[in-house]
Amino acid sequence: MYNPANSRMIELVHVNRVFQRADGQMVKAVDDVSIVIKEGEFVCLVGPSGCGKSTLLQMVAGLIEPSDGDIAVAGKEISGPGRERGMVFQKDSVFPWMRVIDNVEYGLKCRDVPTAERRDIARTYLERVGLAHVEKAWPRELSGGMLKRVAIATVFASGGSVLLLDEPFGALDYVTRHQLQSVLLDLWNEGGSAARRTVLFVTHDVDEALALADRILVFHSGRKIDDLAVTAERPRFTDSLLLPEMVAIKHTLLAHLGLEKRAAPPKMAAGERTGS
Amino acid sequence: MTVTTRARRDRWISVMVFAALAGIWQILSVVYTAEAQPGEPMIAGWQVLFTKTFLTLSDYWQGGLGVSAVADGAERSYLAALLSILSHSIDTIGRLSLGLALGGAVGLLLGLAVSWSRWTRRLFDWPLQFLRTLPLLAMVPLFQLWFGTYFFGEVLFVAYGIAVIVFAGTVNAVRNVPPIYIDNARSLGASRWTLYRTVILPAIFPAMRSTILLSLGAGWSAVLGAEYLGAQSGLGYIIVYAQQFAYLDRMFLVALLFILYTSISYWAISRLSARLLAWAPPSQRR
Amino acid sequence: MTSAEQFKILSGAPAVRLSRLKIVLAALDPLRVAGMVLFVVVWQVLTLGLPAIILPTPLGVVRRLLSDFLSAPALSYYGVSEANLYGNLIYTTENVAIAVTIGSAIGILAGLLSARFGLIRAIIDPVMMTAGTVPILVAAPFLLIWFGVGRASAVCLVIFYVAVILYVFAQRAATNLDPVYEESARTLGATPRRMVRDILIPATVPEILGGLRIALAGAWGLEAVAELLGSQSGIGKVLEVLAGATDPQGIMATLLMLGLTAIIVDALAAFAVARTTKWNATAL
């Protein structure tokens, strides 16, 4: 399944995004960002609030347009949202007026997949996230964590080679968050490493990034300021976070976030400051 | 487009819309020249409305203040027309104001009294709900039968309609006062009476704002309805009286005046209550 | 608590269904019933002091309603085409039904469009908002001249009224729709048609139905008054005739019938609303 083109699965070239504030001032939310992401990579975008990581993700999703620069997925330039780029939002995006199973099969319905087939696929994914017993339930009957599982099942069921997640577990409690991280990794790993989808995961939680990512991109004030490879083997457990190379990465990340003094200079300093 | 330029554009569009409507009226007046009576066009152009039609309103001046009535043989005059408009407007606005004041006071007091305890609230619940469902405007004939068609009857009718609305609104507002305010005051030692005066009364004001605006709308509607159906004076009376002769132009002029009054009153009360509610947290400001 | 247990409680397992029964029983609480009885008793007491021509007795009103419901020959003397109460009620109800259907269609369409297209909103809003502050009754005499005496003027008046209310509610419902639903649908591949059909419409239905109930409540009175002003049939005409004949008992009986009809229709509407929006958390 290896396709040379997919060594550049997601490609951003000099992407800029400028907003006009209510008082007329121009704000640069994303500043000259260029990234190349390989197929099957799990990439986390990390940074403090307002650093542009969510804006960047929304541009890759096609929900907003870059002011400047190109974004290409699987070699094709994107224009608007598409089902090859599924997205999980931080807010509850499960449609309250549809039952759970109807929600999960919605992406398939939009593709005009026949009823019986899409029911089967939807049921399979619901089972994988552990919600087979609430297939007929209304979303208002489910807890926040359960709704997130439905959202994840929906996005996986609708297919698509790229997965975008915008701080999906931010609103959940500690336990639920960790459960969902496992659910996500299980689904992602399904079918072996060759069949993995490409994932872009935005978070401000450093531990979450370390547990999930192959690669961590650090952002600050709209600019990419670091690109760290996370080499620890999968599956990762509590102790994996204590490995020396993981601890080193964590220190670097905390320093970027301004929570620690810098121990070693970052790879792409380019004159920025983190302000400690 | 920024927020401010969009707002400005929208304001311009509003002006244009009203200008266009006025323009359409003018065009119609030229196209549709039918006349209800010789010399009284059905759709009068703006230049006619404010001159000839305005003059005809002096027909409705009953005489007095040194200006004789047209019915007694006097000529139509701008002065008579002006006096006529003033006196009828005062009648209509007077009925509305008195009805609002009376109905509002009664409704508020009854609402507060009934909210004194859960028992009284439950006791009055069904009769209140029933009265609220009885369509107000359909009750004009009943009130006219009871209280006549002069000033008193109309005021009472408006007062009744307002009282029902304000009563229901007050009971609802008191019920929705965040219990934390009440608990707080009680734990600080407030007596029932002090509680009412210093906590409940101010606290219901945000919720009462929508009730007040609703009453204003219902009040205008009630006054107009009452005047349509048997009053001897007032703007509604003029409209209905003119309608019997199909004097569309007079009806239109007086209706415009009426719309002006209602819009101004609504805007003024809306602004005033919003100003008085500046202290309320945004979630309660309606 | 496992998610399965959570789900059982939220979806109304037997323990929960029992407490719902308790809610229904609470509505029939003795104090409320007592309140209604007290109301009737006070009314009866008042009739002892006032002549029957001013205040008829409660029992008298009810008896009059029952007897005139199917047949009231006196009405035909006054030129009412249907000589009974229920015939006129049907006429009025027909008018209300037609007007509410047409008015809500116009209002909902305009409201949804105005929420989507800022230009349309800028054009329609000033007109609708002014119409919202002015009593719609002001248009009644004009409509009477335009359409003459008959159904059309009354129905037209109520159409205006309902359209304005539904416009406001539909616009608000669409504007309050959380953008995350639209974004999610787009990323799942929904076409604009699907967006309207699967997202916009189901999401705005609860609020719009709420507006419909409110509009319906006011429509009865407006229709009655429009008929009072100029009509050959209907509740309004009956009221006009009875007022002219100085018949407070008849008037109160007719009003009672109108009120009961409004209550019953509202209850039916509430039931229909609850059934179609059982997904809505706040509608519980």
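Per-chain residue numbering starts at 1, and chain names A, B and C are given in the order in which the chains are listed.
Basically, a contact is a pair of C-beta atoms (placed from the backbone, for glycine too) under 8 Å apart; a residue touches a chain by one contact, two chains touch by 3 or more.
Just so you know, these numbers come straight off a predicted model, no measurement behind them.
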{"item": "Farthest chain (mean CA position) relative to chain C", "value": "A"}
{"item": "Maximum inter-chain contact count - chain pair", "value": "B-C"}
{"item": "Central chain (distance from its CA mean to the mean of all protein CA atoms)", "value": "C"}
{"item": "Distance from the mean Cα position of chain C to that of chain A, given in whole angstrom", "value": "49"}
{"item": "CA centroid of chain B to CA centroid of chain C, Å", "value": "22"}
{"item": "Separation of chain A from chain B, taking each centre as the mean of its C-alpha atoms, in whole Å", "value": "56"}
{"item": "Interface residues, chain B side, partner chain C - complex", "value": "6, 9-10, 13-14, 17-18, 21, 119, 122-127, 130, 133-142, 144-146, 217, 220-221, 224-225, 228-229, 239-240, 243, 246, 248, 251-252, 255, 258-259, 262-263, 266-267"}
{"item": "Chain A residues touching chain C - in the complex, by the definition given at the top", "value": "61-63, 80-83, 85-87, 89, 91-93, 95-98, 106-107, 110-111, 130-131, 133-134, 137-143, 145-146, 154-155, 158, 164"}
{"item": "In the complex with chain A, residue positions of chain C that touch it", "value": "3-4, 6-7, 10-11, 178, 180-181, 183-191, 194, 198-199, 202-203, 205, 277-281"}
{"item": "Touching residues on chain C, where the partner in the complex is chain B", "value": "29, 31-36, 38-39, 54, 118-119, 121-123, 125-127, 130, 132-138, 140-142, 144-145, 217-218, 220-222, 224-225, 228-229, 235-236, 239-240, 242-243, 246, 248, 251-252, 255, 258-259, 262-263, 266"}
